[in-house]
Every structure is written in structure tokens, then in C-alpha cells.
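Presented sequentially are two complexes of chain A, the first with chain B as partner and the second with chain C.
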Partner chain A sequence: MDNLSKKYLRPRKIPSTACSGCGLGMNHKAVVQAIYDLGLEVEDIVWGTSIGCAGRQTFGTWKGDGFAGTHGRVYAIARGLRLVLPPEKKIILTVGDGDAFGIGLLHLIHSARSNADFTVIVNDNLGYMSTGGQYGWTTPRGSKTDSSPYGMYEQNLMSDGMDVLGVLRNAGATFLARHVSMDGQRAVESIRKGIQNRGFSLIHMVYPCPTNFGSRELGTRDTVKIYNWIKKKAAPLGEEKENTLWATGIYYDASNSRREFSESIHRNIEKIRRTGTI
Partner chain B sequence: MKRYLETGNFAITEGAILAGCRFFAGYPITPATELAEAMSSRLPQEGGIFIQGEDECAALHLCVGAALGGYKAMTATSGPGYILYADPYGWAIGSEIPVVILNSGRVGPVSGITGAPGQGEFYLTRYPTQGGNFETIVLAPNSAQEAMAMTVEAFYLSERFRTPVTVLADQLITDGFEDISVPESDGEMEEMGFRTWPRKINRGPEFYPAMDEIDVPPVVLGHNTGALCSDWTPTEEGYDIEQVQAHHKHAYRLIYKVRNHRSLFNHLYEKNFMDDDPDLVVVSYGTPSRVVNTAVKKARQSGLKVGAVRLINLWPFPDEHFRRKTKYLSVELNWDGQLVREVQRAAPKDSEVHFIGSCGDLPTVTDLIEAFERLLQGQSLARRGWELEEW
Partner chain C sequence: MAKVVAVTGNEAVANALRQANPDVCAAYPITPQTDIMQRFSGFVADGLVNTELILVESEHSAMSACVGASAGGGRVITATSSQGLALMWEILFIAAGDRLPIVMPLVNRALSAPLNIHGDHSDGMGARDCGWIQLWSENAQEAYDNTLQAFRIAEHMDVRLPVMICLDGFIISHSIERLEYLDDAEATDFVGKYTPLYPLLDVDHPVSYGPLILPDLYMEYKRAQHEVMTKAGKVVLDVAADFAKVTGRNYGLFESYRLDDAEIALVILNSAAGTAKDTVDEFRGKGIRAGLLKPRLFRPFPYREVAEALKSAKAVCVLDRADSFGGFGPMYMEIASAMMLNGAKPLLINKIYGLGGRDFLPEHAELVLSELAEIAKSGAVRTFKEYIGVRE
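Take a look at the complex of A and B:
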């Protein structure tokens, strides 16, 4: 990551203060790699983050302009910002699963509905890990966490045939993908396509948390064990096995098929200004 | 100058546009809906952006997002929506983002009565978010015309102080039709005392000067200045930090940038018949003050030594009006007594401080004069059931 780091990230914040063995850095690197592959520069991107592990560990890492929203609201801030930034400025949001699929789901759905041009990377450590490890809305059924000591028994957005990406697809998202952090170049490709979509893109990226999820569910902080546990439960789309929890790859790609939020608003304003009507 | 017979909502819309507001995000709620409607019609004509949020929390976040991009932004709501601002309001205070918020008070708690005026958010506007360690600026007009002026003033103060400013009105002000003059030139604006301040852009890495300075340009993203802002305690460059000393600097700034520059807006009040040290001072803000002013004038005609202080700048609370030991009477549109508590605190020890409350309906001039008489004769108001026992 050295060269990428030097070009795009702030030495004050990288390496981050994430726990030893945390998989977030792999996701973060995939995003920065995708940016590099697209030939984008520091000034081309405004970077937003949420709270929790994913938000806090990526806040202020980007050399350019950055902001962190309150819990679950970064999508609404980003929509406001999207309306007033020039269209060529890209907005990338690195957030967590609790932020995106719990407290922020309403705002996320409205971002998809309006097809607002930003790319959301949902870094999913399978629950609320920065608060010590409570279950979230993508925690696999049966997983033990501090708030599901008997195993997680609630229905959630990734259980019983549900898929949070399906919710977002029906809400109007124009690019959706899912990966685990070990997907390497495949994940980079999806993020690249997400950034290229002039509209709402979301990449759901599961990553291992040895400190809280691993220690509670697997009974060990052994990094290799949680990495393998996730890896075994992931398979490329179309190659799913019986125990596959995360089918990886591009879930839905309707890139540039629908008018983007800000473009649509500005086009209408301009017309009203000129003609008094739309 | 163009004259209209129009609502407070119309006046506020025109005031915002005069102040340079080009972004409004709202969510329908009585009695602030018409303001959003007026904005949806007027802003596109001025090249501005109107957007409806998915809720009030989103609406103010959309505004702070637009403000972060360099726009002057505004939202409007009533009590039940104002509480949903807690998140973004705190974010804007902490990140020092200028934004203007209008609250048209109705009858609470919760949904209460939608189409009647109330003053239940006196303290809520002081503490619109959690955590403390900040001062808020709140302006309370008592007419449609003044609502326009205070909207312009709110934008001015929000830019200079780098903080959200609330204009606290009520249903009668926003919905009521009144004679309104809208200035049509900079000269006319100046003539009417309207002050404006352009959006400036923080181009350096320094985010928090850690002092009480005002006129510090806010963070504006998109200019590749490397600017950072967040919901966490910031370092001087905007990085997040978990350190008590850094937090102390941050809190000091959020409190004292406002406290130490109150002279910029503490002239915002009205006093009537206060020159001869009246035996009873009637305190109010917003719509009830109009009844109070009439009642005090009539009381004077019949020889009662009564004066009136009307607050426009509500927060930080102007203690200086309550230095004299005398009888005070707070007239409010709530039954629980809010402003009265602050008057009690500010007045000299052992001052008599009384309260008349009502909600959804204004007190009458006759009722007020009778109350003045009773208080001046040393009688209590409790017999009438106006007051809570402890007042």
C-alpha cells in the first residue's frame, strides 16, 4: 500500500488505530486501488465517513477534503453536498453495517430512490463491533455476540431469504455489489464500476473482526480463524454452495441508466428559471 | 419597497432570499408547511435549490450538507420536527456550520394542536442537541415584518459566528396575514436595518483557532483545501481526537465565541414605559408581546406604573434587562412557565417574579390589566388559576 498511501492518504492517520488483525484495511485499500485505477486525483474526491469502526478508522485518512456525519446521517449530508458540488467531484462514503443498514437505512433508501451520485462502501464486520460486539442487521443467524449470548435469533436483512441489496435495488439503486475483504482484485473491479456509475452505488464488503466478532463467535482472536470462517462462507455469484452466506460479485448493474439526482434537480431549476415551468 | 398583504411565511421566504439563502430543505408540518411551499416556488426562480427531506432530521442534514458545499441554507419546522433536528443541530454547532432554522411554535407536547400558537420550545432552542458545552443564538420576532428582518439577521449572525441560528416564531406569526414591506435594493435593505454577510471559505488547514474569535470562515468542501470536519472533538486541523484538553479548547470556543460577542445582537429587544423604574415589569416575546404592549399602554393611561420588556434575542439570555429589583410578570404561551424561570434566575434575589400562561390562545388585554392591578396591590394571581402554585 506504500505508493498508494503516499499518493492519497495522510501519514497522520495511516496506519490507523484499528485493532490488530482487523480486515478493514483490506477494504480501504481496495477502494484506494480502484481510485488509482480510474486515474483520479486527490482533488477529485470528497470523502465522507460514518461512526463506528469503519467510519472512525477511515475519517481524515484521505488527503483531500473530508467529513464525518453523525450516526446514520452521512447519506443525507452527502445528498445535500451532492446538490451543490460540481458534478465532476466524486463523493465516496466509507461506512459500517450498523450505520448503513440500521440507523441510516431510511436515508440510504432515499439516496437510492433519488439516485444520488455517490459511492457507499459498507464495511460490514457483522454487527456493532466498536461498542464491544452486539448483533446487527446482517449478523448471521445463530451468531453469538454480546447482545445475542444464545445465538442471534432475530430475522434480519440477510436471513430467511432476505437480502439488503434487494431492498436497495427496489429502492432505485443503480449499482450494487457484494464482496468479502479477501476478494482482492474482484472487489477493486466492482468498486471501480461503482465509482464510474453516475448515480447511487453501494458495495457491501464483509470484513473480519477478530477482536469482538471472532472472539465471541469463534471463541478465539486468532486472525486466521476468522478470515477462514468468512472465506468459507463466501462464494462468487452463481457458484454458491449450501453454506454460502455471501454471494460475491456485481449484484445489480444499471449504471447510468437513470437520471442522476443532482442533474435532475439542476435541469429542472434551470428550466423553471428560463421558462417559469418544467 | 414593495408592499404586500401576506403571511409571515411569505415574509420569511423573502427575507431568506434577500439574505442570500439559495438552499432550502424542509418536511411538511403545520404551521411551517407554507414556508416550504413558498420556498419551492421562489427558490428555483432565483436559481436556488428546494428539496423535501425524508424527515426533519434529513432535512437539516441536507442543509448542513449544502452549507458544507458553500451555500447559505435554511430549514423550517414546528416543535415535533424541531426535536428531530437534534442530530444535525449538534453536528452544525460542533463543526461550526452556518445554517438558519425557523421554528413556528404550536401547542405541545408531541403533536398537540397543530393549528394554534404555543411557546413550548423556549428551553429546547437553548438546548437543541445533547452534550452541552455550547451557546446557541435564538431570535424571536413578534410580527411578519419582523420575522423577515430576523431571518435576514439570523443569516448574518450564523455566518459571522459560524453556528446555526434559530428564529423562534409561532403559528400566528407564520400563518397570519399582515402588512409587509419587502426592500427592493441594497439601499432599501440598509434603510430597514438589514445586515448581510457573504459566505467565506476556510482555505487553510486551521479549523479551530481555539479561541473566541468570530468571522472565521467556515469549512467549505470541494475546494481541495484538505479541510476536515466531523462530529468528534476536533484537533486544530479538524482531526478527531479523544483528549480532554483538546475538548476543553473546543468547548471554550463554542461557548465564548458567542458570549464574548453578544454586543453584535444584544440590542435586539424592545422596551416600553421603562424610563421611570416601573413597579411592575411585564416580560414576553413573540406574539403575546403584542397583547402585552397594548395592555401596558392602557394600564399606563389609567395610572398604573407598568412597563414592558420584549425579548427578541432570547439566547444567550439577556440578563442585563433584569438587574433592577422590582416585580416581574412573565406572559407566555405555555402553561408550565419557561421564560419565567430564566427571569427568576436573572432578577436580583427576593424579587417577586410572576407568571401568566396560556397555550393555543392569547391572553386578553382585560385579563392582563386585571393581573397588573392585582400584582400592584400586592395580591397573588393564584386565585384565578393562572399561576402554578410555586409562582
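Take a look at the complex of A and C:
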């Protein structure tokens, strides 16, 4: 266990119960590194988790306050929490792609619309892997999964000119980035900026699942194969190639440009009470 | 000819769904149910069924899609567990209120919080009042048989209500057991063809599903819903009689195990009933008149029949794998109501067991039966509601 884990994470939860070769730990580490780089302490952060691989592996790992939401509801819980937390306290949510972009998308959009101050790390293993490997809403078109044995043919949120980050940008998000888990320091920098934005931030982080995604799509659980498969399909923004699925880097940064959700409510209510008008 | 196989509960149920060949299936994964929809989607992909499969973005959407497809005139299925059923809750009432004969296996699992993926009955019991018929299953064979019968019950013209088939998460869903399948032709013949009733696609006869009804008519509508539920019990028995003709396996509203002259009795659902039957046998071997009642049809609940079956018992323990915090367990409340109806007043105690997948062992049944024997002898009850197998 490294020093960062010792400082911020509960020793009995590390290593996690993730499958061998799972890439989620890289994302988790990037989040903790960003927290450290910002000089934040355990008590500065409330950490929320969802359901599925991302929820199960990150739940209860944070030494400080944390909560586990039901599937897709963690954003609604976080909005409620934001209203009562002091503004300097940070909320970080580690969730999965099915949670954020499927069952919880409505709450996510309203969190973006209202510019609620929390940072969502969407750990994307390209489908519903904890239930055995069904396709989801970011599963690359044509991928073989348990529920798409001939290749995923549904419209997803990541192709044909559609991008879930575009949906969130139009909904009002003020910081959006995309990475793959091998991005290392570049991902840490994006997470750091996301945490510094007083408003809705989301970092979409694709990571390899050798067990259920790799085994179906690539026909092997070889960790190196799925890592390389993801790396080949990722390129920094502006350096995309024809086969690039994930253009990595900061997708949109309007940090601190729009009033934050709880601040807006508190200010307006205070003004109405004081003056009887907005 | 029946085919004998070794399969898990989930596989058995998935095959019953395949044999029923539904028109539409809405699927969303959740442990421990996923395996049913997973296998079913395989049947779709392999062309073994003529089903349109929709992968939706939540269980709320799954049940909503079922409502749409069923109102459109199709035979419709889905399956879920735990939080999935909880998220469907709003639409469960719509399915029942609109009289849509949707069939849904429920692989029983505990409810959050705290999060737990293992088997208990909190999910199914929480859906008690939603207007669905509920069939409970001790093992894979019963889950398979109940699923086939569910289509006949749901789609019966005297019923036209949704049916939930409950089986224990992991204990039954993921354990491999000996099972007898019906031949595909036999099963398909037993389930029969689906006849739509007032489908939305019958454009010459337009209908409205679920519009606003104000206080002037709402209560009559709900009264009618209760009326149809009271008729379901007879249909359940008729369908069971037909099923026995095909398979030789007999089902009633509940199972009576050595109850005829029983002085002490357990009432217990699903897989734990199988465990407790062995202990009942041991007590019988010692000359103690013990018996067991295992409910099958929980909604509508067969109050009079259950009361009649338990009439010789002096002391009864209802074991609940779900709790009503601050009250008695849900099954206990039903049995207490049943006993009140025929004026029998055995000493009735309640034990909560097995929450979140905690094992129910023969020694637990033994402890309870010993306590009942004491109660029957002394007439004194120490505690009416108690938790067993728990650290306190």
C-alpha cells in the first residue's frame, strides 16, 4: 500500500475485491492523487458511491465521511447534501457508466442544469460488468457482450456525432473531461481542475475490464490485450485518428463561471426574505 | 416425456419463460436475477423464441415497457430482484390496476440500506399490496412449475392480472438441483396461446388505459380489483389440477406437511421450508406431533383454507424472512388474521430469520419446535416476536 492510500484510505479495504487485472484501481488512485495535490485532508471531503463495479470497489474506502447511494440516485442524494454542507466541503462521487449514463442520467442532467457543486468520476468499463457483462450506453458499437453476441447495434451515447459529454455541456455542466485510466498525470490534472470548480464537474474515465468485457470482445482475459485495445482507441483531443473512440483531455472548462446550485438557492431565498422580491 | 436434468433455479425459470414464448421481454440486469434475463436473451439471439427483447435503462423503465407492450396486446415478461422491484413499485400498481397479465419471476433479495445482495423476502413482501398475484417457490422445480402455471393464471379471462413468481436468491437461483422439464411441446401446449383483451392496437375498438378517475368512481374501481383477486384462488387451483394431469406434480394454495393431527406447527416460506421439513420428521420420530405449512399463494391469501389446515395446532410459529420494523413479520400478520377468521386461537409466535442471506439451519427449526412443544404444554409464551440466528 502506498503512502497516499495510507493517508486517505481505510487499510482493510485495500486491496479491493476487484478482479485480477481490473483497471479501476488506476482511476481510484488518480482521484486520491488529485486530492493530495490540492492539499485536501480526509475531513475536507464527503465521498459518495453507487452500485456495480465502481460502487463496490470504491465504497467505504475513504477514511472520512461517505455514503452509498442506490443505483442512479447518488446525484440526487448529493444535491440534497450540497444544500446542508458548508461550501468549502467537497463532494466526490465515484460511479459507473450504467449508473451515470443509464439509470441515473435524469438526475445527472439536473445536477448539471443546476450546477451543483460536486465532482463525478464516471468509471466506465463499457457496460454492466458486475452483473456479468451486458452492454450499456457507452459500449462501443459492434462490441460483443453477453447481451450483444452479434455485436452491439443500438445507438449509444458515444458515436455518430453524439457524445454524452455534449449532452451534459448543453445541460449546463461547468467542467467536463474525458480520460482513459492509463492517462496517469493528465487524468490527475483534470480531476484536480474538476474539484476546484465550484459547480458541476464530471470526469469520464474509461478503464479496462479483462474479466467480462475483454473475455467477450477480445476473446481473452489477458490484461495486456484489453489495456492495449483501450490505449489504441484513445488519443489526446486534437490528435484524434480515424479509429479514436475516446478523445482525452478537458472537453469543456467553464469553471466558476456560473452561480452554483446551493449558493443560488441560499442567496435568492435570503433576498426574498429580506426584500420580498428576487 | 419429462426430461430430468441438473440445473440452477435461474436456468429452470429461464427455460419456462422460453417455453411460454412471450411476445415481448424488457430486461435490466440485477443480482441475483441477471442470469434469468441473460439466458433468455440468449434464447432470443439463438432464435429459440419469437420475442422482441428490449434492454432498458432501469427497472422503472422495464416495468413501464411491460405495461406498454401488454396493453398493446402481447404476452409480456421481465424479471427482477430487490432494489429493482423497489424501483418498479410505482409501475407495479399500474400493471395491476390496468389488469395487464404480465409474468415476472422475482429472485428474492434483501433491500438496502445497508446494501446486501443475498436472499431474503423483503422485496416480495414489500410489494404485497400492489395488486399482483404472488406464487412462492421452495426449490427450482417449484419455481419452474410456478412460472409455467403463472401464464395460465395471469391470462385466464376471470383473472387478467400480473403474476410474480418468487424464488430465493442464490439459495435457489444459483444452486444446481435435480429438475424435471416438460417437453417443449407439452409445456407450450399447457401454457396455451395468448389471447389479448382490449388491446391498444385494436383500432376499431379504441380503449383508454389508466386515465384520471376522481372520487366519484375510483373506489368502485378498486373494489372491483379486490373482487377479481378473490376469484384468482379458484383459478390457481384449476390450473394446478391441469398441471398435475400433465406432470403428476400436485400444487395447492399452500403445502400441508404432516399437519393433519399436528399439535405444534411451523409456517414458513420457500427454501427454508425444505430445511424445516427434515426437522419436523425428526420430531415426529420422537413422538411429537409436529407439522408444517408452506404458503404458495400469498396474494390473494387463502385465509379460510389456512385456518382450516392449522385447526388442530395448539401452538404455531410463523417464521418470516422479512420484517415489518415495529410490527410483526408480514406472514405472521396474515396467519394471525386467518386464525381470527375461524375463531381458532392457537398460541401464535413469530420468529424473524435469515435476513440478508443469513443461513437457516436445521438447528434453528429444532429450537423453534422445542419452544413450541414447551408452549403447547405450559400454555405460556415467553416472547411473541423474536429474531433467531442473530448476535444480540
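The working rule: the second predicted complex is superposed on the first by the 277 of 278 C-alpha atoms of A that agree within 3 Å, B and C clash if a C-alpha of one lies under 4 Å from a C-alpha of the other, contacts with A are read in each partner's own complex, and residues count from 1 in each chain.
The criterion applied here is as follows: a residue touches a chain if its C-beta (ideal position, glycine included) is under 8 Å from a C-beta of that chain, and two chains touch if they have at least 3 such contacts.
As the structure is a prediction and not an experimental result, all values here were calculated from the model.
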item	value
Partners on chain A (chain B, chain C) - clash or fit	clash
Winner by number of chain A residues touched, once chain B and chain C are compared	B
Which superposed partner A:H110 touches (first chain B, second chain C, both, neither)	first
Which superposed partner A:V46 touches (first chain B, second chain C, both, neither)	first
Which of chain B and chain C A:G60 touches, first, second, both or neither	first
Touching partner for A:V84 - first (chain B), second (chain C), both, neither	first
Touching partner for A:Q134 - first (chain B), second (chain C), both, neither	second
Touched partner set for A:G23, first chain B, second chain C, both or neither	neither
Chain B versus chain C as contact partner of A:I272, first or second or both or neither	first
Partner chain(s) touched by A:G214 [first = chain B, second = chain C, both, neither]	neither
Partner chain(s) touched by A:A68 [first = chain B, second = chain C, both, neither]	both
Stretch in clash, chain C with chain B, out of 23-31, 59-67, 113-121 or 311-319	113-121
Those residues of chain A which chain B touches in one complex and chain C touches in the other	51, 59, 68, 70-71
Touch list for chain C against partner chain A, complex	27, 29-31, 34-35, 38, 41-42, 45, 55, 57-58, 83, 87, 112-115
Residues on chain B engaged by chain A in the complex (per definition of touch)	23, 25, 44-45, 47-49, 51, 53-55, 57-58, 61-71, 73, 87-88, 90-91, 95, 219, 221-232, 238-240
Partner chain B, residues of chain A touching it in the complex	12-13, 42-43, 46, 49, 51, 56, 59-60, 63-71, 73, 76-86, 89, 106-107, 109-110, 265, 268-269, 272-273, 276
Chain C-facing residues of chain A, complex	51, 59, 68, 70-72, 102-103, 105, 128, 130-132, 134-135, 137, 146-147, 149-150, 154
